Amino acid sequence: MAFFLQNVFNALQWGSFYSIIALGYCLVYGVLRLINFAHGDIFMTSCYIAFFVITGITAHFTGISGPALFAITLVCTMALTALLGVLIERIAYRPLRRKGVNRLYVVITALMVGFILENGNLAFLGASSRRFPNLLEKSIINIGPIVLTNLKVIVIISAFVVFGILQFIVKKTVFGMSMRAISYDKFAIPLMGIPVNSVITFTFAIGSALAAVAGILFGMSYPVLDPYMGMIIGWKAFIAAVVGGIGEISGAFLGGFMLGFIEIFVIAIFPSSYKDLISFLILMIILTIKPTGFFGVAKSTKI
Amino acid sequence: MGSLLKIDHLTHRFGGLQALTDINIDLKEHQIAGLIGPNGAGKTTVFNLVSGFYIPTEGDISLNGTRLNGMKSHEIAARGIGRTFQNIRLWNEMTVMENICISQHYHLGYGIKDAFLQTKKYKKAEEKIKDEAWALLEKFNLSEHADEFPDNLPYGIQRRVEIARALSLKPKLLLLDEPAAGLSTSDVVGLIDYITWIHDNFDITIWMIEHQMQVIMTLCDQIQVIDFGKEIASGSPADIKSNPAVIKAYLGDETI
Amino acid sequence: MSIRPRKNTKKRDAILMASSIALILILVLLAQLHILNNYMQSVLMFVCVNMIMSSSLNIVNGYMGEFSCGHAGFMAVGAYVSSVLSLILFTDNKITGAALFPPESALVLFPFVIIAGGIAAAFAGLMVAIPSFKTRDDYLAIITIATNYIITTAINNIEKIGASRGLMGMKNTMYGMQKVINLPWMLIWVLLFTLLSVLLIKFLMGSTLGKGITAIRYDEISAEIMSVNTNRMKIIAFMFSSGLAGIAGGLFAHIMGFINPASFNILKSTESLVMVYLGGMGSLSGSLISAVFFTFLLELLRPLQIFKWVIIPLLLILIMQFRPSGLFGNREIFEVVPEVIKKIKSRSAKKKKSEAA
């Protein structure tokens, strides 16, 4: 029983990362019907950005540490990552959208942007992996037989906080309404006075900022950084979004935890090298049976 | 004259939306029939069900006694139902000739192995396919355009190619979905002559959806009117013209 | 009733065929005389492997208009199946012990080993073909990428064939062939299989049967109502495409003498994507020419090492931005080049006219 509960807790923590990243995919897909394959690599880049922000600050300003350092890092990294996301949108995706080309080409471009981020990182920063600096004094909390760390609890809470904020933005603000409107009808919306390009830019900014939150938390939890870390996690988070139903925020969020649970319990039973294989198999099966995911809405085309 | 297409108590729902309710149609051989009604009435849905794109929620569709419900679209096409669409759906990256040849896909007369090995069987079959396509184009006076791409041709010619393509299936039943869409008044007269010519020269039943009353009233011997998925009138052109329910449904449409 | 005008491509096809065979003979001769050294031979062989990969992916991504991003997965299946067979049949190996046949028999059996890899890959293609009945576009793309990962992670977990450490010993097959007659056998087989693949693709896509595949790209619904069994066409297209990739994989494995799952990851699939979109979706000559160009580009960029993998994605992005239709669009070199020449001629004629005036 203790074993089970411990794994549930671990799954919640592990799934939190997937969920936060999945939310980013979901936002962009919801607005543009674009699967931003570069998102996982934006997450990876945010880890590195955070790394450089922290080393930069601690080198020049002694005496800042702990929660203050964390807060500054969070804000700076989110801002810089948001900027990165906006830049990518402006330079790579928008020209194609304006030309009205087949969505296929934008998807390929996204995939390529991801590769450039990974290999550019490797090329410019070298192959030696970086160690994420310690931002938080880890403490252990014992609830009965289950062992928690404060960091893990923070991760889980952050995921829910992020989700809550996002739900609020999407469902209760005018901006959120514009986002949802654009996903239904891109052509009529400008006629209603909604600045489509600005909404899309903001969507990318928010999505990338979310990736940054996941990035910092991930860096704090698993301090070894490497340029390809975004690829596999990005893919898993994407699987999670699709499994949950990529059009729906709540679907993507729950999907992240679902995948977390599947993976943690797979490792508990099978050798860990099977983890990826089983996750991808599940993706295949779900996409074949129910392409819109658990909570997604089916779209029918008029013949 | 036997019954060619029989539609019995056809009812169809898309999720919660009731698209059609209890539609009954009996088409005989060598008829020209019309299906009219206001926009959104469900006319194209009827055609889509006959073509096999959806499986009817309730009811039966039969062609020459064979039940079509659940049959795959390509099989239905091979059994003898040709179809055109509201917007022209020719393959623009293939020549007119290639567009016509595809109709033989169900009855190619050879398999992949023959194509890979370029057997005599394959070569003979391909010759036959091309010869028949050419003969059809000649019959339609379209042979000069055989090697052109459809989007380079004038709209009226594209329409003709589309209908010729549907006829290359050697169908018993031809479904025309708004063939007069986008045509000017003079073109419409040409279309009426064209459809009459087809009817005279091919052993075929023509069933058309149309909004241009001139076309329907001139050509059809039987007309069915549906509105909101239900049949509101059925009969000869004279019957339909004076039917008050029909006039009511068409308030604001073209004068009959 | 007039006689149907026939497009007489027989002469052109005959010339192409004759010059291809002549080219193969010349290359083999140059290799045998060591005028083409080992490095040049290996570049040439990689060009051929890429030609098969590019033209086979073009069937699905070009002619059929789908978005398959996991082509390297099928290459992996072919590579591993043919390599394992090679090792079992011709070498003393760690999997089954002693060789089943003397290594000299490779001379006759090698093509079958490669074809076996192709057949296995063709069946792996069903993993993508069957979902394609109901899914399209982005979702199918994901399935193809997932398939790529599933295949490579599955191989990573099979200890018997080396898992992530890889598999080696395939060069012995070639040595076995050379023991019988000393010829550059690897080059010969690669060239022959490339010619075969190109011919098969040409024959299939030139037939009315193959045109059914193209019909799906533009309008699947129209294809159905014209009696094309689109599901059957999808199976044919995916299996044929994957099968050829498997053949390319088998050849690749025997050229390198060593393979591991990492060689067949999404980066390798990307190489094929670049070649197809560079050459033009639906253009056989385009995909072949871009394969040649791209392989040489890879060789040129080799000293840049990891920067190579910044430049290649950038190249594809630029293609998407400025010329998504690729080099030849969906037509063949025989149609495009005369048009271009005509355009240049008319432009220079216009210039001369305005100068004379």
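We just call them A, B and C in the order they show up, numbering each chain from 1.
The working rule: a contact is a pair of C-beta atoms (placed from the backbone, for glycine too) under 8 Å apart; a residue touches a chain by one contact, two chains touch by 3 or more.
Note that the structure is predicted; figures quoted are calculated from it, not measured.
Undergrad: Of all the chains shown, whose C-alpha centre falls nearest the centre of every protein C-alpha atom combined?
TA: C
Undergrad: Farthest chain from subunit C, going by mean C-alpha coordinates, please.
TA: For subunit C, the chain whose C-alpha mean is farthest off is B.
Undergrad: Report the inter-chain centroid distance for subunit B and subunit C in whole angstrom, where each centroid is the mean of the CA atoms.
TA: Whole-Å distance between the two chain centres: 41.
Undergrad: Mind checking the centre-to-centre distance between subunit A and subunit B? Centres are C-alpha means, answer in whole Å.
TA: That pair's centroid distance is 50 Å.
Undergrad: From the mean C-alpha coordinate of subunit A to that of subunit C, what's the distance rounded to whole Å?
TA: 35
Undergrad: Two or more other chains in contact with one residue: find those residues in subunit A.
TA: Residues 303.
Undergrad: If you look at subunit C, which of its residues touch at least two other chains?
TA: In subunit C, the residues touching two or more other chains are 221.
Undergrad: Note the residues in subunit B that touch 2 or more other chains, in rising order.
TA: Subunit B, residues with two or more chain partners: 53.
Undergrad: Can you list the subunit C residues touching subunit B in their complex?
TA: 1-2, 4-5, 7, 200, 203-204, 207-212, 214-215, 217-219, 221-230, 236, 282, 330
Undergrad: In their complex, what parts of subunit A are in touch with subunit C?
TA: So the residues of subunit A touching subunit C come out as 35, 92, 95-96, 101-109, 111-113, 115-116, 118-120, 122-123, 231, 235, 238-239, 242, 271, 273-274, 276-277, 280-281, 283-284, 287-288, 291, 303.
Undergrad: Which of the residues in subunit C come into contact with subunit A in the complex?
TA: Residues in contact with subunit A: 67, 69, 127, 130-131, 134-135, 137-139, 141-143, 145-147, 149-150, 153-154, 156-157, 221, 266-267, 270, 273, 277, 306-307, 309-310, 312-314, 316-317, 320-321, 324.
Undergrad: Write out the stretch or stretches of subunit B touching subunit C in their complex.
TA: So the residues of subunit B in touch with subunit C come to 51-53, 72-75, 77-78, 82-83, 85, 89-94, 98, 101-108, 110-112, 115-116, 118, 122, 126, 129-131, 134-135, 138, 143, 146-147, 165-166, 169.
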